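Before we start, here is the structure in question, set down as structure tokens.
Think of it as A, B and C in the order they're written, each chain with its own count starting at 1.
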Amino acid sequence: MTDMASDVTPSVSDDTGGRPGTVSRRVLLLVVLAIVLLLPLAPFAAYNYVLQLATVALMWVALASSWNIIGGYASYISLGHNVFFGIGGYTSGLALVYLGFSPFLTALVAGLVALVFGLFVGLITLRAKGPTFIVATIAMLFVVGLLFDNWELVGASSGMSLPLPPFSVDVVKVPFYYAMAASAVGAIFLSHRVAHSKFGLGLRALSQDETKAEVAGINTRWYKVIAVALSAFFIGTAGATWGYSLSYLRPTIFFTIGVAAQMVLSAIIGGRATVAGPVVGALLIVGINEFAIVQFGATELNIVVTGVILLAVLLFFPLGIVGSLREAGRLPAFLDWD
Amino acid sequence: MTEIIQVLVLGLLLGGVYALMASGLTLLFGVMRIVNLAHAAFIIVAAYIAFYAFDLFQIDPLISVLITMPVMFVLGLAVYLPLFPRIESSARYTEMTVLMTFGLALVMEGLLGFFFTGIFRSTRPPYATDAILWADLFIPTGQLLATGVSALLLIGLWLFLRYTRTGTAVRATMQNRTSAQIVGVNVRRISAISFGLGMALAGASGSLLSYLFPFFPAQHWRWVALLLALIVLGGLGSLKGAVIGAVSLAVASAFVTNQLGPDWSPMTFYLALFIILLVRPQGLFGKALRI
Amino acid sequence: MALLEIDDVTAGYGVGPDILTGISLEVNAGRSYCIVGPNGAGKSTLLKVVCGILHPRSGEVRLNGIRVSGLRPDQLLAEGICFVPQEQSLFPEMTVRENLVMGAFLVRDRAVVNERMVRVFELFPLLKDRVSQLAGTLSGGEQQMVVLGRALMVDPKVLMIDEPSLGLAPIVADQIFATIQGFSALGITVILVEQNARRGLESTEWGIVLDLGTKRFEGPAEGILDDPRIRELYLGAALSKGDDE
């Protein structure tokens, strides 16, 4: 392993065992992937509950990993990114109700619609930098939420029901699980590809110093817009899947700040600007929430805990779990996906 | 014609209150570059204080301003000192303040919800439902009094900034922090004082809010989105811009409500924000930001 | 004893690398100094350490034998150490008058403040005409005068000026340097940082050459100007640029 290799690749920590890191890491990841794929085939107790929890976890993995593309690599914090979640959900929902197409088929279309909307959103909100951008994303969320709240075609604030999926109760969770897993894997894959591309390098450059990046010839405006658009895709597909799984669409499911909060928090706790970070963070938050609900019931204290965790991470571990571990040179190989 | 003036008057009265709310937010950004996503949460905390002052001790909301302002000033310091000076030297400071205040807002919302539940609250002083009829115009007394208090406080703020030594130091810090330092201003102390002051203004806003609008913990998001859009329009860090932005947007939204109904009035603020972003991203009175 | 002692100071910004390494310097009362050197040598950083904006990572700064490194800028100002930064340092939305008054922020006695303002107007008669104008609307040279005038309002013992002629037309820069030379006559210890090494060294008594965070040479300003080796090694670009203008 020459010095040049370590200069070119983003910091890959050599784990202390001295094993050839890449090989065992690949094996571990394949094992994880296998578990994910085969989970529904295992006959365990509380089957529906576990599958549902896993589906939710995968959803947040998809959301956080996607958000990371603009919020992590480019460091443009969007607090309204769940617009795409709702756009995806409603697109597929409408296609189902009015055209009869199953969201399992139209999820990709929903993702595309979200992506196009992302271009549009990006072009407007990215006129601003820094805090103004963040404010613009919040406003965008509220505007879209408001529009859906008043749009009769989709039932306005009362929402609309979706036809139930054509599966028996015993196995109905399974297709949703796989659909969400597809979104999650897709989002992680996209995040990884972006991180290892010239595009991703450009995003990182502009996150450090936008002026210098401009001067170096990077069209920062387009880079950012495309980042927003890309990040929208799997958020849209996840939204399509989620809406269908609830058999009900309502603005408050998609367009509340709470959803944005969890997306952002997951990425930050796990470690922004890393591939594994948002995954770790998403799983952790879902786990903590579930634990809290089981122990204490669904109270407002959950929100308090979320806030406290965010503050603690920002003050003491701003790089997040994966980021801090990597900084300290103690990142286990199976978490180093960069 | 009378209808137009009527709507205009209602808008102006509303604008007065928005201006007070936005002024605190602007002060925080102007002096310390803090984008306080929790500002409305603080306002609602103050509203609860006013509510219980009214409910338990029959203290009139307008009088409660004398309570909420100092209480929120102290609360502000208690929140500011352990959290914000620590992150002052971080690379992406303003972004950090956004995330931190976001977390703060979540904590406050959760605590408020836990202790007070999500029931809509409102204080009900007699003037809340009164109105003055003057030359065919219907002027709600509650709003009028609120705008009066607002105006008094804003004038007080202006006098403080213009004529007192500390106020001048605050202005200097807002205009050029490093220069203020080298001229002998203790910018750390000024920052803390400004934060407390911003919170005191939020406190007064809360007292007014308590009878003007029904409130509940999760409502702060709606307010903060509005206020942020407003100060971006006015120009971040410009008090003049905040006041003008508040009044003009309130009037505009009054007309929107009049024509399309109350559901659409928040849209005015957001649309105005997007328009300003396209036309003049630094806002009406802001300087071009170098972030 | 020297007025100001900079003792083996190492400093940098945030978590970044050391900009200054092991700098030691002695500044004597009433003299004028010019720090020169290539870009990135750490000249501005040195001034920032002395005035308290930046704290040294190791080493100390002493004023009259007493350690002052680690104090806040406003505390150091109270001791008479005044810094005029490179970046725009006016209060743009305040008038010239208000800017000058801000200069004497630490002075409570109105009479003293007015006295000093009179003195500043004597040195900079142009400012008297612009007293009520918003400082942000003045020309570059006028703004620099306000900044220097404001510095005088403190009645400084040590006046540190970072790039006084930056962005100014040569004629205006000449005026500024002449004014700075006048400060020495008032008994103020002056430390300049100048990219335009020639002008800087011509206006001061003692020169210090910094490069890559260390002190390479110090000696009488004239000597540095005349020494061809130093010119070539450290000041080549700066000097020839000055000559062309």
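The rule is simple: a residue touches a chain if its C-beta (ideal position, glycine included) is under 8 Å from a C-beta of that chain, and two chains touch if they have at least 3 such contacts.
Quantities reported herein were computed from a predicted structural model and do not represent experimental measurements.
**Student:** Hey, what chains does chain B share as contacts with chain C?
**Tutor:** A chain counts here if it touches both chain B and chain C, and no chain qualifies.
**Student:** Taking each chain's centre as the average of its Cα atoms, which chain lies closest to the overall Cα centroid?
**Tutor:** So the chain sitting closest to the middle is B.
**Student:** By CA centroid distance, what chain is farthest from chain C?
**Tutor:** Comparing chain centres, A lies farthest from chain C.
**Student:** How big is the gap, in whole Å, between where the Cα atoms of chain B centre and where those of chain C centre?
**Tutor:** A distance of 41 Å separates the two centres.
**Student:** Could you grab the centroid distance between chain A and chain C? Build each centroid from C-alpha atoms only and quote it in angstrom.
**Tutor:** Distance between chain centres, rounded to whole Å: 52 Å.
**Student:** How many angstrom lie between the centres of chain A and chain B, each centre taken as the mean Cα position?
**Tutor:** Spacing between the chain centres: roughly 33 Å.
**Student:** If you look at chain A, which of its residues touch at least two other chains?
**Tutor:** In chain A, no residue touches two or more other chains.
**Student:** Could you list, by residue number, the parts of chain C that touch chain B in their complex?
**Tutor:** Interface residues on chain C, with respect to chain B: 14, 51, 53, 72-74, 77-78, 82-85, 87-94, 98, 102-103, 105-106, 150, 154.
**Student:** For a test of understanding, state which residues of chain A touch chain B in their complex under the given definition.
**Tutor:** So the residues of chain A touching chain B come out as 75, 77, 79, 124-125, 127-132, 134-136, 138-143, 146, 149-150, 257, 261, 264, 268, 299-311, 314-315, 318.
**Student:** With touch defined as at the start, can you tell me which chain B residues reach chain A in the complex?
**Tutor:** For chain B paired with chain A, touching residues are 29, 35, 37, 83, 86-87, 90, 92, 94-96, 98-100, 102-114, 217, 221-222, 224-225, 228-229, 232, 236, 263-264, 266-267, 269-271, 273-274, 277-278, 281, 289, 291.
**Student:** In their shared complex, at which residues does chain B touch chain C?
**Tutor:** By the definition above, chain B touches chain C via 89, 91, 168-169, 171-172, 175-176, 178-186, 188.
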